[in-house]
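Below, chain A partners chain B and then partners chain C, in two separate complexes.
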Partner chain A sequence: MATLNLNAITKSFGAAQVLHDISLAIEDKEFVVFVGPSGCGKSTLLRIIAGLEEATSGAIVIDGQDVSDEHPVDRGISMVFQSYALYPHLSVYENIAFPLRVQKLGKADLDRRVQRAAEILQLTDKLHLKPGQLSGGQRQRVAIGRSIVREPKVFLFDEPLSNLDAALRGDMRVELSQLHGSLDATMVYVTHDQVEAMTMADRIVVLNGGRVEQFGTPMELYHHPANKFVAAFIGQPNMNFVPATVLGADQAGLTVELSGGHRMTLPVEPGSARAGDKVEVGIRPEHVTVAPEGMEISVRVLERLGGVSITYGETADGTRFCASLPGDAPIREGEPLTLSVAPRDCHVFQANGDVLRRQSAPEMTA
Partner chain B sequence: MMDRYTKLQTLGIYAAITVFLIFMLLPFFEMFMASLRPLDHLFRSPYQFWSEDFSFQAYSDMWDTVPLLGRYIFNSVFIAFAVTLLTMIFVVPAAYAYARLEFPFKNGSLAIFLGVNMFTGAVLLIPLYRVLRTMGLLNTYWAMIVPGVAFLIPTGIWLLRSYLEKIPRELEEAAFVDGASRMYTLRRVVLPLAVPGLIVVSTAVFIGAYAQQFLFAITFNQQRELQPLPAGLFEFIGYQDVTWNQMMAAALVGVLPVMVIFLFLQKYLVAGLTAGAVKE
Partner chain C sequence: MADTVVATPQDTAKPRRKAVSEKVFGWLLVGPAMLFIAVIVAWPLAETIRLSFMEAGLGGEEYVGLANYQDLVESRKFHQTIVRTFYWMFLSVALKLILGLIGAALLNAAVPGRALFRVLVMPPWIIPMAIGMIGWLWLYNGYFGVLSGTMMKLGITDGPFEFLAYKQSAFYSAVVADVWVGTPMVTLFFLAAMQGVSRDLYEAAWVDGASRWYRFRRITIPQIMPVIVSMSLLSAIFTFNSFEIIWILTEGGPRGATTTLIVDTYKTAISNFKFGEGSARAVIIVILLGIFSILYLQVLKLVNRKYGTK
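Showing the complex of A and B:
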């Protein structure tokens, strides 16, 4: 059992406040990913949970106990660093054994636990080597080995895959997910890579400017982004935002006129939107199709990836628009293209960035 | 590797190095030549670069002229080693504190340390004499060791601090998260990684200790048995004449053990100065 609660955490460095009143409830055995752009405070938040930084106010509660003033070890956490932070002068064995040496664990017990961690991470035949003799992926495993050998309640990962090349990152993602399954532990993982967040997380915390924008499952974030920031951050390629004017609101939803002149009725709860309001319609590139009528764009750049063709273009008024179309779609750079999107796939954002709740959400499979 | 210099530039560089080296090494060479000459040869005019009667005679005579010569050489090395050891004991924790901890007046005190370095020992000789006399340390080894240590600590802190700062902070944070105390981290993580830096700093301190002992020795010590070599060399200056050739021979022999040590340490010195290589 290890629940992790953050109660109204704030953090200031001098006059600069980097975290604003962050409260989160992370459940036992959950894999939670903090994601956000550089400087959003995600690493600072993780370091506060670890006990490497002190929160200016607020409390860290693990398993119902306030551990805000306790040492990292007494909190029952362990941490994997971005640069792995392996001790270059010690062998892999001694690196993994380090936390146990600090605890002054008996020789037999220590050896048993190091060997077990090495087995889980397939490092058994590398134990005598120095970190410098290992590949990036192996070093990462040693760092993870050092964190699991102490059997902590909560694992913290600070961008652990950002130093690996793309192929290895994919492999390690799968390994980490499997590790989470086999260890049954609560994990908090920081990354700026939304693909890592989407693929590994049970729930994602999207941070921006020191505030939580949204906390939810990956599919919640994808289908029901709380605001424009989350909508833009989640999904690859990024969501398109087309300026629009509200023409009217009724039971069926919101009728809008897109900047190009195309009119649509979108099934969203109108909320406070009134006729004449300026809004933005969010359209994911993967939701558009080539159609005889709809919005007109002129194609600027075409990336044919085989399975899909990513098409970058502009509408008549210069709004950038990206579409993810079938690989064999008959498109050419420089030519006009007519695209259509199902109204139920559209998101509507008010001028302040907040979303208007969609009436018909796709099935939520968390 | 790419040839970055043209032939002419290479020639120029070597010419400059040659001039520099001649300037640096010519005194040593002349010392060696003087040690080989018979005494009457030294004042003969015109200057003779080489003659038949050159010999290593001075190298054996000097032990008779100054019977305590061996003792002086030992004292020199002993004092320098003691100063180095004591200095490092103070410098290591201090440099670590300056590199990693936050405390009031940190930058101010560092600046003061640098300021202290700008005084030569000579300016402070009289106050130091009074201090040492009050403490009853005059005419002991301590009279030469204590001021030596005091003057070398600032240099040591400045050198080692910048080296320790290059050790990735994450390594210490990792150890901290795993429950290690500051001292444990210093002992098991930081110092093993700082070995090249420690060697560089102790070498610099040793050279400093070797060079400065003359001043302290002639001021604070009257005991012949405790004198280091530079002070002991005075005994070659007799009432009638100065046995220059033997003095030169003794100076060379005295420096020899130190030079041998540095020959072996050379690779660490180079490695240390190009450091930062600890991070993967």
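Showing the complex of A and C:
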């Protein structure tokens, strides 16, 4: 297996630049997920790594070797497509064997590799069937099988689970993670689903508008988002952003007054923040509790999910606020609710979206 | 609470009368189409079959049983016509399919001005057949034709060559004109089928190192195979029944060299006023095309089994 380095990759389609100076160092056997909203350039970046698109500038280095000008097959990568890209007229066996037939591999070797891939993916009894006779999950496995037999240095996955239903997606997430463990392979995986990113990745690259917003472990992104975009993107339900005014800054942190009038001293490094600055306080829905004193919201919609109650409401000044509360919390739609959050759980974002680093958050690396 | 029976509108209507009127309404809907088919298809077909058992001409009709068919079975000339017709059909269809496939592949390639090329292939199909064939008559003309003139200039011939005056050259010249007319339709159908093949399949194969030719052979051809088979059947029927091209170019000559079954039938029935013998030929055409179509449908089934998705 191999390391993968992207050095200052840019990509333009005509006058439109879709990737801006992207540099990443992906380690051997690492599972890295590119995540971001539609149009952020994540699939384009993957296609550039695969050799299906040419970078406007920059270099792709696999295992220390610049492969930017190499044909896809010579880069030592294999790719699983969102649509699976299975050949409908060929059997499962022939689909998996396709790359080996292109390579004109000997019959015995070809058969051994196909059978091994089929065993890993539990497809042995499906080898004679055609893709049209398989379920979505099985088709996905065939597509993975086709990339396994190539024995590539780097596996590339382009939103491979997006065509599956929610239950199957959950199962396949587990299977892919297990596969990564058993193959010990370097994998790059593209998705717009932050749950997939959080559950599967060793490290996540958050992309937005063709730029890397943050590259880190899932828990780093959760506890120490680099900016408001990452904070909003990572976490389910999304983080709340409450407008606030800085009242003062000292060693204990930043004292702010939330838009509803509630005052808090938040343990963050104040940086350049000064009294009077407008900031936003980021509060994750799962970090609030019902309390006799604190921030007051008016409950608009209540979603009882059993274990938790997702509560959507508004503060007095109309700021939307979401809280994830215990399933049996005594809440009613239309009624006021007072919520409390521990200062150490709060994030503070400056007007430009950058975060003020928290002093007391866990230093998670994995 | 006791159940209450409430009469619905259906209960109160008279079901018998409604059923009859629905039936009549149905026949009224189907009637015009049935009448149309009866007048345009069924009656002429039945009349042709009836006439095939007659000695029929301008002077009247006389029942002769299977005599017309017997004459055909025993006629060496008719056998030659059948062989010629199938040779004409297979040669022309093969050329149309090969050229259509090449043309579609080229038109499907990502080249600048692709849309213009797609429009440019259509004129042979669009312009009226008679006008197109008059163009070919000029091309094939020994004294004024471009082809003969070019051949003389290049020293291939030392005098005017009348393409349609010699048996072999007339036959192949007619085939070329027929291919010219028929290829655009085949090309456009193949192109449409090729455009339906998912781009991901090609990209996946490309990532796996498959060459352009390998992708064409292992992905494009199998993916469009059902269309190839369907088009070859359609094209075969059109070519088998191709009349105007031959009639305008050669009228079946010289000395019958371009007389196919359909031309032979026309000449017998309309030119020579032998309606009975002509009808027997027409019935044989229907039978041959019927057998041919059944065989083709079997092939289509096999193809679908091999290249289908299930």
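Following the convention adopted for this analysis, the second predicted complex is superposed on the first by the 363 of 366 C-alpha atoms of A that agree within 3 Å, B and C clash if a C-alpha of one lies under 4 Å from a C-alpha of the other, contacts with A are read in each partner's own complex, and residues count from 1 in each chain.
Note that a residue touches a chain if its C-beta (ideal position, glycine included) is under 8 Å from a C-beta of that chain, and two chains touch if they have at least 3 such contacts.
The structure displayed is predicted, hence computed values, not measured ones.
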Superposition on chain A - do chain B and chain C clash or fit: clash
Which of chain B and chain C A:C346 touches, first, second, both or neither: neither
First (chain B), second (chain C), both or neither touched by A:V73: both
Partner chain in contact with A:V288 - chain B first, chain C second, else both or neither: neither
Partner chain(s) touched by A:Q133 [first = chain B, second = chain C, both, neither]: second
Touching partner for A:V33 - first (chain B), second (chain C), both, neither: neither
Chain B versus chain C as contact partner of A:V205, first or second or both or neither: neither
Touching partner for A:P99 - first (chain B), second (chain C), both, neither: both
Doubly contacted chain A residues - partners chain C and chain B: 50-52, 71-73, 77-79, 81-83, 85, 87-89, 98-99, 102-103, 131-132, 146, 150
Complex interface listing, chain B residues touching chain A: 168, 170-171, 173-180, 184, 188-189, 192-193, 278-280
Chain A residues within the chain B interface of the complex: 50-52, 71-73, 77-79, 81-89, 98-99, 101-103, 131-132, 139, 146, 150
Residue ranges of chain A in contact with chain C within the complex: 50-52, 71-74, 77-79, 81-83, 85, 87-90, 98-99, 102-103, 130-133, 146, 150
Of chain C, residues touching chain A in the complex: 198, 200-201, 203-210, 214, 218-219, 222-223, 225, 306-310
